[in-house]
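What follows is a set of structures to go through.
Shared between the two complexes below is subunit A, which pairs with subunit B and subunit C, respectively.
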Partner chain A sequence: MAVSWQRRLAARAPAAVFLVEGARIGPVRETLALSPGIRLVDTPRHASVLVVAGDVPTGWRDDLRRIHDQLPAPFVSVWCCCESFEALCNPIRNDAVEALPQGVVETHRELMLGKRDSAPRLLPDEPPNSWEGLGDDGHGGEGMMGGTPYGRPMAMNMQDDLRDGLTLDTLTFRLGPFHSALPPGLQAEVSLQGDLVQTWTVTRKPFASVVEPIFHAARQEPVPIVEIELARARHHLRRLYRGLWIAGWPRLAERTLRMAGQLSPNSDIAGLRYTLERGGLWRLALPEPGRGALDEAQARQLGGPAARAAGIDDDLRSQDAHYRRLGFAPTCREAGDTAARWQQWLDEIEQSLVLAGQAARHDLKTAEADAVETPRGPWADAFPHDMSDLLGEVLPGLEWSEALLTLASLDVAALDLHPLGETRLPGPGHAGQKGHA
Partner chain B sequence: MILDQLILPWLLAWLMAGLGAYLVAVLDRLMASGSAQVGSVWLAPLASAAWLMTQQATTTEAPDAPAWRLAPALYLALAAIGLALVPWSPTLVGVDLSTSLVLWGSLEALATVVIFLHGWSANSHLALIGAYRYVALGLSYLLISMFVLIGVALPAESLRLTEVVAAQASLWHVVSQPLGLPLFLVVGLGLTFWGPLNLADSADLSGGTAVERSGPPRLVWALARAAMLVAFSAIAATAFLGGWMGPWLPGPAWLLIKSLAVLVVLLWLGRRLPRLAPERCLTLMWVVLLPLSFVDLIWAGAVALWMA
Partner chain C sequence: MALLTLSFILLVTLGLGLLLQWLPARGSLKPTYPQRAPFLGGGSPDTHAWNRYHIRYYPMTLLLIAFEMEMMFMYPWAVVFIEKGTMAVMEMGMFLAILSVGIVYAWREGVFRWQ
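And now, the complex of A and B:
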C-alpha cells in the first residue's frame, strides 16, 4: 500500500513518548528527555509511543493496562526491563537503556509509515464501572447532585474549606500511580475544593528509589570522594530538572539535565543559580515562604536534604575523617519550607562540586565504609524508608500548583538497598515496604 | 462590495491565522536552539501537524459533546476575527468597524468563555482545574486590557483602530504612554495562556484543558493558540507601535515587522520565565498591574489633553 504524503511527513515528527517508570530502573526519563527525536509528554493522550521501563509489579498492572489503552491510535508500546502483556503480539522489547532512544525513534517512524501495526486495545471500550447516577445526567437524588455516575462520587459540598471559608463543591479523584509529576508507583486519592488540596491519602506507596551504584559501593569499601560527590550533585540536578519541568520552565529544565550529564570537578552552577533568581523562581513561581513547611519531627524522619533545609545539621559525612580534612560542614537552611528545599538542592550541589574539586586535588577516598550519606538521606544501620504518608500531612491546604512543587521537593520513596543490575531478594526496600527508621 | 466586505476580511483573517501559526511554531523552535530537536525548523511544524492529523481523536467518558467538539474551533474563530480587525494600511483593513477596539475587548472576554468550555466539557478533573484557573485569572487581565485600550482610544477620540493608528502620526503610543505596551503584553500572555501565564494548559496539570485532547482537535487547539498570539501581536503593534506607519517600506510591511517584534518578545518571555504561581499571579495582577493600568489611563488622558 502506498504511503501517503501525510504519513511520510508525520514520520519526521518527533516521537511523542509517555513514560511509565517502574521499579529498579536507572535514569530513563533523563535519557529520553535529552534524546533528539523524542518528546516526553505528560499524558498518554498526547503520545504515540508508550515506554514502560522497569519492573511493574502485579498490583500495578491493571493501572498500566488503562494507561496503555488511553493512547490514541496508532500507537505502540516499548518495554524496557519489564515483561509485556501477553495479549500484545510481537511486543517491542529493548532492555538496553542506552539503545532505547534510537529504538523508540525507529519504532515511531515505522508506525507512521505503516510498517508496524498499531497495538491492540487490552480492555473493552466501556466505563470501568456501571452508571449509577439518577436521571440522564446523574442529577436527582441527594440535593441536586445525587448518584454516583460510573462509580465515582459527583462533586459534593462535604468539607469545610481550608483557605478562606468559601466552601465549594469537593472534587475527589485518584491520581497515579504513573502520573509524571508523582514518584513512580505512588497513587493518591485527592480531594480538592477549587484548586485547593483538602485531603491527600496515599493509596499505594511509591517504588523504592534507586541511587547510583557508587553509594552502594561506599557501603562496602572506601570510594573516591570526587566520584561520590559528583553522583550526589547529579542526583540533585536531576531532581531539579523534574521540579523545573513541573514549574513550567522546560528550557531551563533541559539545561539543568544537560549539566547533570556533563558534571566534572571543575563544573559550577553559578549561571544556573543566577538564571533561577533572575527569572523569579522564588519570588513568583514557588510557594510563598512558610508554605509546604515540615516541622522538626517530620524533617528529622525524612532526613537528608529535606532535614538540612529545616536547620537540622545531620549529615554522615561529618563523621568521615577525610571529609573533615576537606573542611566539610553540613550546609543548612532554616525555613524547612518548599522554597528552602529547592534552595537546599542548589546549596548541596555547589558544596558537592567544591568537595569534588578539593578531593580530586588530594586524591581522597572516603574513610568510613559502613555508613554513607546518600542523596536521599543517611544510610548506616538504618536506611531511608518510605515516607509517602507524610504527604497527607504536608499537602492539604496548598493550592494545586504549590502541592505539586512541594511534592517535587520531597524525596519520600524508600531507598532501594540493592544496586541496579543485582538480582534483588525479597526484603526491605521493596515498593510499599517499610524499612526501619 | 462582496470583495471588500466578505472575501477580503475572510482571506486576510485566515491567511494570517494559518501563516502566523506556522511562524509561531518556527520562531519557537528557533528560540529553543540547543535543545533535543532534530530536523529542519521549517519542516518540523508541518511534520507535527501531519502527525496529529494521523492520530485518533479520542474522547472522554461522558463529555459535554457539543462544547467538547466546538471549543477549539471557537477559539480559532475568535483569533481569526481578531486578525480581521487589524488595519494593514489606511485602506487595507479586513473589517474597519467604528468600534473595532470594543470588538477586540469582547473577543478577550469571549476567549475566557471558550477556554473554560474547553476544560469543563472534557469531564476530566485536571482539565476542569485548568478551566477554573483561567476564569480566575481572566477577570484580572481583562480589566487591565480595558483600561489600557481606553488609553489608546483617548488621543484618537475614536474606538476605530485605523484612527488609533492615525493618532500616532506625531508620536507612537509606546512613547507617549510608556506603561501601556508592557501592561498590554501581560494581557497577551494571559489571553493566549503562554509561558509565565500558562495556567490553563500547564505542566502541573499535565496539559490542563487539553489534557484529554488528541489528533485533529488538538491540532486545531494548538493552531488557535498560536493564531491568537499573532492576532494579539498585530493588535499591539497597531495600538502602540504606530501600525502601518514608517518610512520607505509599504504600510503592510511595517505592520508585519512590528507585529513580528511583539511576537518575538512574547515568545522570548515564554521561554525565559517560569510559570507564575496562581495566587501570586492574581496578587500581581490586582495589587500591582491593575493600579498601574489606572495610572496609565490617567497619564494617557493628561497627555491627550496636553497634545490636543
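And now, the complex of A and C:
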C-alpha cells in the first residue's frame, strides 16, 4: 500500500501522548516529558497514543475505558506495569520505564504509517442515556430549563453563592481519577457556580506518593547527606514542574524539569527564581495573598513544606547532629497561603543545594537512622498519611484557576512506605488508602 | 445585470465556503458518543453543561459607560466648540473631570487588571 505524504509527515511528528498514571510508577510523566519525539497533552482528544503506566485498581476500569474511547482514531494504547483490557487483541506492553519513550515513538510511527491498526473501541457508540428531550430545543421543559435530555437533568439545582450572592445554576461533576491537573488517583465530586468552587468532596483518595529510594535507605542506615539533599531538591523541582505546567508555563516547566535531571552539589537555582519572579508568576498566575491559606492545625496535620510555609518550623533534620554541624535551621514563611507554598519550594530547593554542597566538602552522612524528613513530611514513628479530605475545606470559595494552583501546591497523598521495585502484597484498598498516622 | 452579477458572486462565495468546509471533513469518521462526552479525567457529569453562567462584568460595564458617555457628548461638542469658544472648552473640561472620577474609581476596583 502506498504511503501517502500526509502519513509520512504524521509519522515524523512528535507522538501526542495522553498519560494515565496508576499507583507506584514513579516519575514516568517527567521521563516522557523530557523524551524527544514525545509531546504530552492534557486531554485524550489531542492524543494519538494512550500510555497507561502503573497499577490501576480493578474497580477503576470503567473510568479508564471512558478515557480510552475518547482518543480520536487512529490511536493505540501502550501499557506499562499494568494489566491491559481483555477486549484488546495484542495489547502493546512495555514494562521497562526506561525503554517506554522509545517504544511509544516507534508505536506511533507504525500507527501513522499504517503498519499497525487503530485500537478498537471498548464502549458502544450510543448515548450514555436515552434521549428524553421534549419541547422546541429538546431540553424537555418550559423556557430554557427543565427536562432530562440524555438522561441528565439540566443544571438548575441552586445553592447559595459563596462570592457575592449572585446565585447561578450549580454544575456538579466528578473529576478524575486520571486528570493531569489532579494528583494521580484523586477523584473529587465538584460543584461549581460559574468559575467558583462551591463544594469539593473527595470520592477517591490519591495513590500514595513515591519518594526516591534514598529516603527509605535513610530509615535503615546513615546515608550521604549530599545524596539525600539532591533527591529532596529533585522532588521539589518535579513538583514545581507540575505546578508550572498546570499554570500554563510549559517552557519554564520543561526548564525546571531539565534542571531536576542535572542536579549536582554545585547547581544553583538563582536563574530559575529570577525568571519566575521577573516573568510575573507570582503576580499573574498565582492566587492573590491570603488565598488558599491553611490554618495552623491544617498546616501541622499536613506537615513538611506546607507546614513550614505557614511558619511552623518542624523539621526532623534539626534533630540530626550532622545537619546541625552544617548550620541547618528550618526555612519558613509566615503566610501559609498558595503563593507562600510555591515560594517555600524554591527556598527549600536552594537550602538543599547549599547543604549538599557543604556535605560534599565534609563527606558527611546522616547521624539519625530512625527518623527522616522526607519531601512529603516527617517520617519517624508516624508517617505522612493521606490528607486529601483537607481539600474540601481549602478549595471552596476559590476560583477554578486558583483552586488548581492551590491543589498543585499541596502534597496531600500519603507517603508510600515501600521503595519502588519492592514487591508488595495486594491489600484490600489501593496504596493511597493505607496510610495512617 | 448588477443583480445577476451579485447573485453569481454570492453563489460562488457560498459554494467555495461549503467546499472549504467539506474538504477537510471528507472521509473522516464521525466522533463516537463516548468521544463527544466532556473530558473529566475518567469522571462523569451529573448535569448538562448548559447552565446559566454570569461572567461578572460589572467593572468592565462601568468603564464602557464612562467612555461611551464621554464620546456621546464629544461628537456634538466638536461641531460647536469653535463657535462657542472658551465656554465650551470649560464645560467639556468639567464634564471630563467628573467622568475621570468614575474611571479612577474603576481603576481602583481593578478593571484594568487582566485576570
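Everything that follows uses one rule, which is that the second predicted complex is superposed on the first by the 404 of 437 C-alpha atoms of A that agree within 3 Å, B and C clash if a C-alpha of one lies under 4 Å from a C-alpha of the other, contacts with A are read in each partner's own complex, and residues count from 1 in each chain.
Convention: a residue touches a chain if its C-beta (ideal position, glycine included) is under 8 Å from a C-beta of that chain, and two chains touch if they have at least 3 such contacts.
Just so it is clear, the structure is predicted and the values come from calculations on it, not from any experiment.
*Asks:* Consider subunit A as the common anchor and indicate whether subunit B and subunit C clash or fit when overlaid.
*Replies:* Clash.
*Asks:* Counting residues of subunit A touched by each partner, does subunit B or subunit C come out ahead?
*Replies:* Between subunit B and subunit C, the winner on subunit A residue contacts is B.
*Asks:* Name the contact category of A:L166: first (subunit B only), second (subunit C only), both, or neither.
*Replies:* It touches subunit C, and subunit B stays clear.
*Asks:* Which holds for A:Q102: it touches subunit B only (first), subunit C only (second), both, or neither?
*Replies:* Once the two structures are laid over each other on A, A:Q102 reaches no partner at all.
*Asks:* After superposition on the shared chain, which partner residues are touched by A:R121: those of subunit B (first), subunit C (second), both, or neither?
*Replies:* A:R121: touches subunit C, not subunit B.
*Asks:* Let me test your reading of the model: by the given contact rule, A:T43 touches which partner, first (subunit B), second (subunit C), both or neither?
*Replies:* A:T43 sits against subunit B and subunit C alike.
*Asks:* Look at A:A285 in the shared chain and tell me whether it touches subunit B only, subunit C only, both, or neither; answer first, second, both or neither.
*Replies:* After superposition on chain A, A:A285 lies in contact with subunit B alone.
*Asks:* Answer with first, second, both or neither: which of subunit B and subunit C does A:E254 touch in the superposed model?
*Replies:* The first partner, subunit B, only.
*Asks:* Where does A:P72 make contact in the superposed view: on subunit B (first), on subunit C (second), on both, or on neither?
*Replies:* A:P72 sits against subunit B and subunit C alike.
*Asks:* For A:Q319, using the defined touch cut-off, is the partner it touches subunit B, subunit C, both, or neither? Pick first, second, both or neither.
*Replies:* neither
*Asks:* Output check: A:L34 vs subunit B and subunit C. Expected answer is one of first, second, both, neither. What do you get?
*Replies:* first
*Asks:* Looking at subunit A, which of its residues have contacts with both subunit B and subunit C?
*Replies:* After superposing on chain A, subunit A residues 43, 45, 70, 72-73, 127, 149-150, 171, 173, 179-181, 194, 284 contact both subunit B and subunit C.
*Asks:* So in the complex, the part of subunit B that touches subunit A is made up of which residues?
*Replies:* Against subunit A, the touching part of subunit B is residues 32, 35-39, 43-44, 46-48, 50-51, 53-58, 61-62, 125, 128-129, 132-133, 195-196, 198-199, 202-207, 211-215, 218, 271-281, 284.
*Asks:* Can you check the complex and tell me which residues of subunit A touch subunit C?
*Replies:* Spelled out, the residues of subunit A in touch with subunit C are 43-45, 60, 63-64, 66-67, 69-70, 72-73, 121, 123-128, 139, 144, 149-150, 152-157, 164, 166, 168-182, 187, 194, 284.
*Asks:* Which of the residues in subunit C come into contact with subunit A in the complex?
*Replies:* 29, 31-35, 37-56, 114
*Asks:* For subunit A, which residues are in contact with subunit B within the complex?
*Replies:* Residues of subunit A touching subunit B: 6-7, 9-14, 16, 33-38, 41-43, 45-46, 48, 70, 72-74, 112, 127, 149-150, 171, 173, 179-181, 192, 194-195, 244-252, 254, 279-281, 283-288, 399-402, 404-405.
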